[in-house]
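Here subunit A shows up in two complexes: once beside subunit B, once beside subunit C.
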Partner chain A sequence: MIKKARDLTKKWLEGKEVDAIFGLKQEDGYIAPHLFIDASELDNLMLSTQHRLCYTCRPSRENILSLMQRREPNMKIGVVVRGCDERALIELAKRGQVDLGKIKIMGIACNQEEAKECRCEKPYPSNLVLGERVEGVSEDENVDALLDKSLPERLAFWRHELSKCIKCYGCRNVCPMCFCKDCKMEQEVFTEKGWLPPEIPMFHFIRFYHISESCIGCGECEKACPVDIPLLTIFKLLRRDVKALFDYEAGLDVEQKSPLLTTLDEMPMREDVTSGV
Partner chain B sequence: MREFEPKILAFCCNWCSYAGADLAGVSRFQYPPNIRIIRVMCSGRVEPEFLVKALSLGVDGVLVCGCHIGDCHYIYGNHRTAKRMAILKRILGYLGIDPSRMKLEWVSASEGARFAEVVTKFTEEMRKLGPNPLKEVKA
Partner chain C sequence: MEYKNVLTTCPYCGAGCNFYLQVLDGKLIGVLPCKSHPVSQGKLCIKGWNASEFVVSGERLTKPLIKRNGEFTEASWDEALDTVAKKLKEYKESYGPDSIAVLSSAKCTNEENYLMMKFARAVLGTNNVDHCARLCHASTVVGLVQSFGSGAMTNSIKELEDADCILVIGSNTAEQHPLIARYILRAKEKGAKLIVVDPRAITLTQFADYHLRQSPGTDVAVFNGLMNVIINESLEDKEFIKERTEGFEELKETVKNYTPERVEEITGIPKDKLIAAARMYAKAEHASIIYSMGITQHTTGVDNVSSSANLAMLTGNVGKPGTGINPLRGQNNVQGACDMGALPNVYSGYQSVADEKIRAKFEEAWRVKLPGKPGLTVVEMMNEAAKGNIKGMYIVGENPMVSDPDISHVREGLENLEFLVVQDIFPTETTQLADVVLPAACYAEKEGTFTSTERLVQMVRKAVEPPGESKGDWEIICELAKAMGSKEFEYGSPAEIMDEIASLTPIYGGIFYARLQRGGLQWPCPSKEHAGTPYLHKEKFTRANGKGKFFGIEFREPAELPDEEYPFTLTTGRIIFHFHTGTMTRKTALLNREVPRGYVEIAPADAERLGIVAGELISVKTRRGQIETKALITERVSEGVIFMPFHFAESAANVLTNPALDPVAKIPEYKVCAAKIEKIKVSQVI
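The block that comes next holds the complex of A and B.
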C-alpha cells in the first residue's frame, strides 16, 4: 500500500497535477505532517492511523492546511487522506477553514485491522483512489454498555471517568474540528482555572456540545487522552442522534450546511425521534 | 424534615416570554415562587453551557422560554434554540442527568395565563424528580 501511495504521489507531482503533496513523513523514526515539494522526498511518505494529518496548530489555533493555503494561496496541494481525514477536510471547508478547490484528494482505504483498532464506522474516503473498501465497525461495546446503564449509573460512571481528567486539553488540541481561537474550555465563566479535576460535567460538556454536529468520529480525542476517558462513546452516540434528528452526517457533503447553523426551514428537525435514554 | 422545594431558573426572551411573564404578574395569575427569571434578548442567546452551569451550581431545573416559531423578533433565533435544546437533552441523558430537567417552551406576550401554567407544571415535575444529583458532584 505504502509503495503504491509513494508511486502515485510521485506521478501526481512529476506530472504537474499538483504543486505539492501533503502527507505524513517519516524521519528519524518520527512521523509528522509534511508538505512534499520535491518528488525525491516522497520515499519518506508514510501512512499511519496513529498520527493526525489535519490537525490544528497550537497556540496559533489554525489548521495546518489552512495555514499553508494562506501562505501559498495559488498552490494546488495533493492530500493523502484516510476516511476520517477526508471528512475532516470537508467539515473544515464548510466552515471556511480550507479551500477544497485548491486541494486534490488522494483517498486511501483502511484495512480491517485498522478499522477495528479505531472502532471506525466508515474506514474509507469517498474519493477512494487506493486500497480496498472494507465495511466499518458498526457495533461498539462501550456505547452498548453505556446505553444499558440507568441514569444514576451513567452519572456515577462519568463521575469516575471525568474525575481522572488532568486538564491537559489533549482532546481539544488534537481534534480537527476544534479550531476556535477563543476556546470556551479556557473561559473562567464556565470552568474555574487552577482546579483539578475540572468541573464535572461542565468542562467536557463544552466539547461534547460544540463538536456534536461536526464530529467526524475519528476518535483522536480518545486516543490522545492520557487517562483513557472514553470520549468517543458520547461522540458516537451524538453522531447517531444528529443523523436521526436532522438526517445529517458530518463530513459527507461540503454543500450541506451543518444543522445547528441552519434554520428549521432549511434543515427541519424530526420531533418524533426518541432520545435513547 | 422540610419538603423538597426545587429551585428553578428560567431564561425568558425579552420580546415574548418576558412580556408574557409580566402579563402573568399584572393579571395576578398565581404561580409557584420557586422560579427565578433571567431576561435575555432572545432565546437564541441562551447557550447550552449556561444551562449546564446552572445545574452544576445547584439549580434543579431550567426553563427556556422563547417566542413561538415564526414569531421570533430576530427571525430565526428560536429555530436555533430548538435545535440546540434537542442536542443538549441527549448529551445530558448520556451523562446521566435526567433530560427533563431542561424544558423549552414557547410563550408569547399575550400568554400570561400560559406562562403561569407552564411554570406551575414544571415546578411540580421538578418536585417529583427530586434534587439535582449534580449538586453533590461538585465538591
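The block that comes next holds the complex of A and C.
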C-alpha cells in the first residue's frame, strides 16, 4: 500500500495534477505531517493510522491547511487522508476554514484491525483511492460499560476521571474542530482559573457541548490526554445523541448544514432519545 | 511554501518530553506532540503545548548591549566580546583566576555546559563554576553518591506504571512534572498504592491512600519513623541488607529512638497513619520513592536524601524495575548540566578536579594546566562578590535576581562586582545589573542535547533561525574563548563537542549524535555498542566496594523556626502554569491568563484570626525582607504554614527566603523560614 501511495502521489505531482502533497513523513523512525513539494522527497511519505494531518496551529488558532491556503491561495494541494482526516476536512470546509476546491483528496482505507484499534465507526473516506473498504466497529465496550452503570455511578465515574485533569488543554489543542479565536475554556466567566483540577464539570462541558455536533470521532482528544480521560467514549455518545435528535452526522457532506448552525423553527429537538451521558 | 515539523525536546521540566515544532516558511507556528516518544507518548502539559510562544516574543534580546553611563547601548559582537575578554583577562592577571566566577545554565544544552566548564577551567583557570542545580538538587548529588555511588534517578519514568507502591515526598508531581504524574496515576488505576508525604495538600493527595502531612523540615524524622516501624515489625529485606549493603547496625541503632509516638510529636503525623503507611510501603513487591525539592532544599537536604536511600535499601527496593529512589529534576537539562561538570568540584561525568590522575587527563586533552582546588558554589559566589573578592562574573541563562535566596543580598553581591556579563534570551532582572549583555539563541534555534531526569540524553534540533544577531550559547562561548586567546575551542558543530565529551566522560562514552537521531540513550552508556541503562545498581551499587551504605541520621531542626515575632512557617515552590523566574512563561498568554500574579497561600483559620479576606493585598515579612502580595485562603496549607510560588519578580518569594546552607551540599533552605503576615493599612495602599 505504501508503495502504491508513493507512486500515485509522485504521479500527481509530476503530472502537475497538484502543486504539493500534504501527507505524513517518516524521518529516523518518527512520523509527522509534511508538505512535499519535490517528488523525490516522496520516498519518505508514510502511511499511519495513528497520526493525523489537520491540526489547529496555536497560538494563531488556525488550521494548518487554512494557513497554507491563505499563504498560497492558488496552490493545489494533494492530501493523503484516512476516513477521519477527510471528515475533518469536510467539517472545516463547511465552516469556511478550508477551500476544498483547491484540495485533491487521496483517500486511504483502514483495515479491520486498524479500525478496531481506533474504535472507529467509519474507517474509510468517501474519496477512496487506495485500500479495501471495511465496516467500522458497531459495538464499543467502553460505551456499553458506561451505559450499564446507574446514573449516580456514571456521575461518580466522570467525577473521578475529570478530577485527574491537569488542564493541558491538549484535548482542545489536537481537535481539528477547535479553532475558535476566543475559546470559552480559557475564559474566567465560564470557569475559574489557576487551579488543578479545573472546575468539574464546567471546564470539560464547554468543549463537550461546543464540539458535540462537529466532532468527527477521530479520538485524537483521548489520545492526547496525559491522564487517560476516556474522551472518545463521551464523544461517541454525544455523536449518537446528535444523530438521534437531528438525524445529523458530522463530516459526511459539506452541503449538509449543522443543526446547531441553523434555526430550528420547524423541527424541535426530540426529548425521548437522549442517551444521557 | 515550506511546511515541516522538527522533533525536539521540551525546554521546561526534566521529564524529557519530545514534541514537534511546526515551521511554516521559516516561522514557528505551533507545537505538535510526538506519539512515538517513550515518555510523552503524544501528550504534553500546558507549558509544553505553549513552548513555541515565547520563542517568537518581540521582547527577545537581539543585539549585544554595553552599559555606558548607566544606559544600555547596542554594540557589535566584536566590540562586546573584546570588552568582555579584556576585562576578564585583566582580573585574571591582576587578581588571579579565582577573582572570576561563572554561572552556567540548566536551560542550555550539554554541549554548552561542557564548554562553560571548560571555559572556566581551561581559559579563566578557575573552578568557580556552578549553576542552579546547587539550588535544587545539590543535596541529591551528594546524598545519593554517599549512599549508592551515583547521584542520579535510579530508575526510569515508565517503570513507575508497574510499581506496586509509590511514595511521593516533597514533590508536587502533577504540577511540576505533569507527564511523570501520568505514570503515577496509571499505576494507581492498575491498583498500586500511593503514599504522599507533604506539608501541603497537593494535587496528588486526592488519589493517595495515605497523606502524611508533616511540619515543614521534619523529613528525617518521618523517614526514621517509617524505618522504626519496618524494623520493629521485622518487615525489612534481610537478605538484601546482608548481601548488598553495609552500615545496617548504625541505622538500626539510630532509628530505634524514633518511635511512632516521638515522630508524631516532631512531625505532627498521627502515629497510626505512619504505621499503616510504613507497612504499605514495606509489603509492596516493587516500591518506588519519588522526591523533589520538598526534601532537598533544606539545611538538612543531604540528610533527607540519604534517609530516603536508607528506606529503599532497608526494603530491598533498589536495583530492580519499578523501585528505587527517583529524584525529579526540575529543569530540562539540570541533569545534563551536572553531568557535564558545571559544578565547582568535578569535570564532566562527576570526575573530581582534586584527583591528580583525572586532572592530568583533562590537562592533556585541553593542553593547559588546570587548577586542582574546588571552586565556589552559587551562594558562596554571591557572598564573595559582596565582600569584594569576586571581581568579575559571567552568567549564562540564569536569573539569580529572582531565583536565589535572599535577593537583597544577591543584589548587593552583583552590584559590588566590577564587571558583570550576562548572556540570555530575554532581558531579566539580572541583565539589568550587567555591564555587557549578550543575546543568545533559545532551544528552538540551535542544535544540541538535553539529559532528562531519567538520565536520558536526547536531541534538541534547530527549527528556526535565531532572532536578530543572537547566537547559540555554544558559539558565543567559543568566540569569547578565542577572543581570550584559547586555541581549544575550534568546533564546527555541537556534534563535534559531543565527540569530545564522549572521549573524556566514561558515562557518556557511547553517546554520539548518529545514535541519538532515532531516540535517546540513558547513561551510563560507556561504549558505542552499549544500549544504555534503564535502571542503576542492578547487581551491585556504583560505590567503590559495590555495597550500598546505610547512615544513621539524627533529626535536626530547620535553621530558622517560627517564634513570637515571626509566627508563621513560610515554604516556597512552583505551580503548573509557570516556570521558575517566569522569563519564558510570563511571556505566554494562556499561562499568564491562568495565573497573572503572585500570591501567598494561607489557611482559613489563620486568615480569619488576622481578619484577612480572600484576594486582599497583605504584607509578608521575614528577617531578610518584606513583600506585598495577595492572600489566597486555602486548606492546601495547614494552620501556621504559608506557601508562596517564587515565579513573580514583583512580589518575589526569594526576598524572604533564608540563605542558610546545608553544610555539605551548600543548598539553601528555601523550604522553611519564619515569617509574619500583616494587613496593609488603607493609607499605605493609597
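One rule holds in what follows: the second predicted complex is superposed on the first by the 264 of 277 C-alpha atoms of A that agree within 3 Å, B and C clash if a C-alpha of one lies under 4 Å from a C-alpha of the other, contacts with A are read in each partner's own complex, and residues count from 1 in each chain.
Please note the rule applied: a residue touches a chain if its C-beta (ideal position, glycine included) is under 8 Å from a C-beta of that chain, and two chains touch if they have at least 3 such contacts.
Remember, predicted model here, so these are calculated numbers, not experimental data.
Peer 1: Could you tell me if A:R154 is touching subunit B, subunit C, both of them or neither one (first, second, both, neither)?
Peer 2: In the superposition, A:R154 contacts subunit B only.
Peer 1: Is A:C180 in contact with subunit B, with subunit C, with both, or with neither (first, second, both, neither)?
Peer 2: Neither partner.
Peer 1: May I ask you to decide whether A:I2 touches subunit B, subunit C, both, or neither, giving the answer as first, second, both or neither?
Peer 2: neither
Peer 1: Just subunit B (first), just subunit C (second), both, or neither: which does A:L245 touch?
Peer 2: A:L245 sits against subunit B, while subunit C stays out of touch.
Peer 1: Contacts for A:S212 in the overlay, against subunit B (first) and subunit C (second): which applies, first, second, both or neither?
Peer 2: Once the two structures are laid over each other on A, A:S212 reaches subunit B alone.
Peer 1: So, A:C168: does it touch subunit B (first), subunit C (second), both, or neither?
Peer 2: In the superposition, A:C168 touches subunit C alone.
Peer 1: Touching subunit B and also subunit C: which subunit A residues?
Peer 2: Dual-contact residues (subunit A): none.
Peer 1: Can you name the residues of subunit A that touch subunit C in the complex?
Peer 2: Per the touch definition, subunit A meets subunit C at residues 20, 22, 25, 27-35, 37, 50-51, 55, 57-60, 64, 67-68, 71-72, 75, 163-164, 166-170, 173-174, 186, 188, 193-194, 196-197, 223-228.
Peer 1: Looking at the complex, which residues from subunit B come into contact with subunit A?
Peer 2: 48-49, 52-53, 56, 69, 76, 79-80, 82-84, 86-91, 93-99, 133-134, 137-138
Peer 1: Where on subunit A does subunit B make contact in their complex?
Peer 2: Answer in residue numbers: 146, 149, 151-159, 184, 189-190, 199-202, 205-206, 208-209, 212-213, 233-234, 237-238, 241-242, 245-246, 259-260, 263-265, 269, 275-277.
Peer 1: Using the touch definition from the top, list the residues of subunit C that touch subunit A in their complex.
Peer 2: On the subunit C side, the touching residues are 1-5, 7, 20, 22, 24-25, 29-36, 42-46, 48-50, 52-53, 174-175, 178-179, 181-182, 185-186, 189, 203, 206-207, 517-519, 575-577, 589-590, 593-595.
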